[in-house]
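Lettered A, B, C and D in written order, each chain numbered from 1.
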Amino acid sequence: MTVRLGLLGAGRIGKVHAGAIAAIPAAKLVAVADAFPEAAKALAASSGAEVREADAIMAAADIDAVLITTPTDLHASMIEQAAKAGKAIFCEKPIDLDVARVRACLAVVAEHGVPLMVGFNRRFDPNFVEVRRQIDAGTIGKVEMVSITSRDPAPPPADYIKRSGGLFRDMTIHDFDMARFLLGEEPVSVFASASVLVDPVIGELGDYDSASIVLTTKSGRIAQISNTRRASYGYDQRIEVLGEKGLVSADNLRATNVEIANGSGYLREPLLNFFMTRYTEAYRAEITAFVSTITSGAKVSPSGDDGLKALLIADAALRSVKEQRAVTLG
Amino acid sequence: MTVRLGLLGAGRIGKVHAGAIAAIPAAKLVAVADAFPEAAKALAASSGAEVREADAIMAAADIDAVLITTPTDLHASMIEQAAKAGKAIFCEKPIDLDVARVRACLAVVAEHGVPLMVGFNRRFDPNFVEVRRQIDAGTIGKVEMVSITSRDPAPPPADYIKRSGGLFRDMTIHDFDMARFLLGEEPVSVFASASVLVDPVIGELGDYDSASIVLTTKSGRIAQISNTRRASYGYDQRIEVLGEKGLVSADNLRATNVEIANGSGYLREPLLNFFMTRYTEAYRAEITAFVSTITSGAKVSPSGDDGLKALLIADAALRSVKEQRAVTLG
Amino acid sequence: MTVRLGLLGAGRIGKVHAGAIAAIPAAKLVAVADAFPEAAKALAASSGAEVREADAIMAAADIDAVLITTPTDLHASMIEQAAKAGKAIFCEKPIDLDVARVRACLAVVAEHGVPLMVGFNRRFDPNFVEVRRQIDAGTIGKVEMVSITSRDPAPPPADYIKRSGGLFRDMTIHDFDMARFLLGEEPVSVFASASVLVDPVIGELGDYDSASIVLTTKSGRIAQISNTRRASYGYDQRIEVLGEKGLVSADNLRATNVEIANGSGYLREPLLNFFMTRYTEAYRAEITAFVSTITSGAKVSPSGDDGLKALLIADAALRSVKEQRAVTLG
Amino acid sequence: MTVRLGLLGAGRIGKVHAGAIAAIPAAKLVAVADAFPEAAKALAASSGAEVREADAIMAAADIDAVLITTPTDLHASMIEQAAKAGKAIFCEKPIDLDVARVRACLAVVAEHGVPLMVGFNRRFDPNFVEVRRQIDAGTIGKVEMVSITSRDPAPPPADYIKRSGGLFRDMTIHDFDMARFLLGEEPVSVFASASVLVDPVIGELGDYDSASIVLTTKSGRIAQISNTRRASYGYDQRIEVLGEKGLVSADNLRATNVEIANGSGYLREPLLNFFMTRYTEAYRAEITAFVSTITSGAKVSPSGDDGLKALLIADAALRSVKEQRAVTLG
């Protein structure tokens, strides 16, 4: 079986996914849509797909599944449209910045019984996959503490910040999902301390650029997350999981491992600096998993519910900062 | 000038300090006291000192300074006695487990104008000293976030736990001091999440064995601390400081750096497993600094006030766990 | 301009190159040939190319360049045939195991003025490229010593050994090329010590499985190479270059950087274990460079002459082992 | 039993050994001699020993063993004098630069049946000790290849070079001993390539500053050594031993493991830069082993014969450079 795909959104991440599809024998990119016809046309040309309108893709009989890579504010309605059309759906995170809207959208998906995968790409990073595999294999015994260091190389422009939903819903949401992925239990409370240390403009917009967050599960497992919008040394993405029998950790990635030694010391290059480069393999594996889920009929993961849960933690974290207390989760 | 020292307490740590003194040309260990005469006698013999009663050491004209390495419950009264006798004082942490008692003790010290150094040995660890030196040199610019991983290899016996004052006053207190040492600003609030994940007996004693703590300063700098009483891979003592211009970090220590590679992978030995081995150099440097402070008349650091401040944070952390909110400091 | 390619040999390495071609916009795989029709058919199907006979590919007007990935004993004659047909040529190393045959073949290539690239893939490994770039940038000043550790995970079957030309012509030849690539001067003498330590069958076939080789240039620069056919910990491929101002080095690669720590120590996974996995990026970059050379008309590197020079060193190394002396080159 | 020691030579290394003795409960430094009375006096004062003439130390009834740390040209005659006086002897390497003189000296030692330890301090480095321990424990199975990287941070002054006996007898001799220590078999041939790449003055004095050496044992085990007089990044001392079942390696040492990360990359400090700092622990352990050998009556290692064997390899290496061939050993 070949899964026939429609791509809604021919921007940066749409292109990445089109490239991933090209390498999957069981998948074929049939059509591309974008609000900017030139973007759709260019991507269609390079990927051997047709340009179609979004509505046409939704309605097409020759398309089994859609990838939604449009701006965030279109996600929920497009998911609903695709669900109603009976398509399998992959959507970039977040489904929406508003919890109520997400719930409504997920209700529609449930009603139509279509699979929905949410783009928490980091779950597919080979290093993090291996961390999880070791946990599942019992290598470290019962999980006790998860430490996530997640730092962007540089703050996004003010314009992005405005539409982002804020640090927790935009950036930490990946870490919330990762904490859930690794803790082995649902967090029941969240505490967050957040500051404006990097860029006062971010503060003026009511957002934060630096944060430390503590999640706790019912049995007392603890996850801590360290975030900043500026790590001068690159895109810092590390994970450590402590269990009763040991520690499993995943370190950062670089373009090369070349080292220069001289009288100043030993120098390795900075980290990969861009999320799409850092997570190249993860994006590939993510789309491969989506296609494979459709062909096998397996359960979709991460699901719409995973998207909702991470958003709920983000909202609670924001409340925690404002109220300076641990906020109980659902 | 030779500083003539009296050692009060010939136990494990007393022996370490006696060894350090032997290697300092400007210092001489004159006398040793211990509640167990055999212990005093053995240490006196191996270090070329006399055995005396504690009171005699306090009163001795041929002793300039005392090192108090007795059990914790004797610290405060001995400090007071030594202060009244005009001795310079080095005392192992903590001064006392009770804040009021510490304040009273420090008042006596202040009244008699003697120097008092508190044994936060980690401030003298060559790696952590270098981290601080890099911060002071401006290498990473303004400090933003401090991350401390501080994990014991195995929980102490129940008997020790009972007298310890609990996780925060016994173990995390070192990390609170280190956070203060590195943040460049005083913490103004603390949040702590603590659990019993390692040993139910610890929970039955009303204590915790696993914790994650977040400290925040007035300008929004954040320190996070990860503690556990059980790290199967050794005594895990790491520090990272993120600044606007970079990251400075200190890693763990091992006995050797030998690596074995075979079909199972690349294996390095576990971490140094015992605090006295891990911090051998720190103990040496600490006593050297104490002696040097006396001869030079320089300001003592870490001072009695540093001891008090760390204890205040520990108390607030405990309240935070119970009230599940950030507790304001001082 | 699109470079139209014919692939001669649809085996393991042929498939790798077909994959690389698929990802190069400026290249198109037109036809595939193989002595085993099924192999050609399968690769043609998955890559969108036609199956043709080798002779037909050589003669085809719609093919600009050929990739020769047949067994070694066909390389030289196929190169000659392609040269006579005016095709640009990429050929896996070695051109031939016999120096005289190589010289004759290169004469034909020269006569017809076609570009010939020899598949010393390691020159395109991103790590080694970066080492060379640092040298060229003057980072370490004048090169003095090159150290190459080059170890196979496990010995090939006896049948392979028989046809291989022996350790130096089959395996070390890559290291000889790498030494030339990094020394900045031609070696003028070679000394080799070789043993049978791994598998007596290799010795019975007149070959060696372990060797240490020293190359010296006119100005006294020294390269040393350490080879074995069995490194239980994976495919060990490291380079260090010492210069007057510093050292630049490239380390090994692993599938992930996940680390497990417990009472036994800190364990990372073994090295990538297979040359095609270890050098995946190198193979891609190699074919990309070949195509780019054709479109730009730039000088081919590594050239046929590079192939010859490495073979001459291999022959001299073998003589050195037998005569237990340094053998002068060229 | 307390071993009573006399120290002949109060220079740099003499001071190090005096410090080591002070920390050994079973040893006592009784007397110090030096051609410069001031040097002897200073060291005697700081170590609690007496100043005596060398002859008086040799003859003293209250001295059991001597440490010879004088200039090289006095070693052999002092060893002989001490042997005749029935003292146990520790002597810095080399016994002499001339093989015949060494043989004569060892004959005298043998005649008088006194223990003689030669100061190959690296055998006592905790890292290298651990490498050897792993080999002895069978961790890597049968040893096949030893790789030693041994590089000085900067060339010594011309005056030192003149008296040194040349690169192989002065510097590589340590590596020859280490190769013997690790190979598990005696080398039967040596090939050396040596150059003047660092300092032309060294060449004018007839010496070399850069070398690569290959040793081979009877069964074909191979050791390779990389030497230079100038490693801008510090005192580079690494060992790797490949066995049939794995690789065991020891890496370099630094003063701290602090790392700085910023836009330029990740920087660690250069290596420990001075042999006496790098091998501090080794010097301590060496003298401890010497004392312990005397008290236990155990076999001395490394022995005078080890000193001779390393010198024989050095002489053969020099011949190899001149004759450009592998030279057969003993």
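Everything that follows uses one rule, which is that a contact is a pair of C-beta atoms (placed from the backbone, for glycine too) under 8 Å apart; a residue touches a chain by one contact, two chains touch by 3 or more.
Treat the numbers as computed from the prediction; the structure is a model and nothing was measured.
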Labels of chains that are neighbours to subunit C and to subunit D: A, B
Reference subunit B; chain at largest CA-centroid distance: C
Contact-pair overlap exceeding half with B-D, pair selected from A-C, C-D or A-D: A-C
Rounded Å distance, subunit B centre to subunit C centre (Cα mean): 57
Gap in Å, rounded to a whole number, between the CA centres of subunit B and subunit A: 42
Where subunit B touches two or more other chains at once, by residue number: 232-233, 245-247, 261-263
Subunit B residues touching subunit C - in the complex, by the definition given at the top: 232-234, 261-270
Parts of subunit B lying in touch with subunit D, wherever the complex brings them together: 25, 46, 126-127, 130-131, 134, 139-140, 245-253, 255-263
List of subunit A residues in touch with subunit B within their complex: 142, 144-145, 147, 149, 151, 189, 191, 193, 195-198, 210-212, 214, 216, 219-222, 224, 226, 228, 230-233, 236, 242, 244-247, 324-326
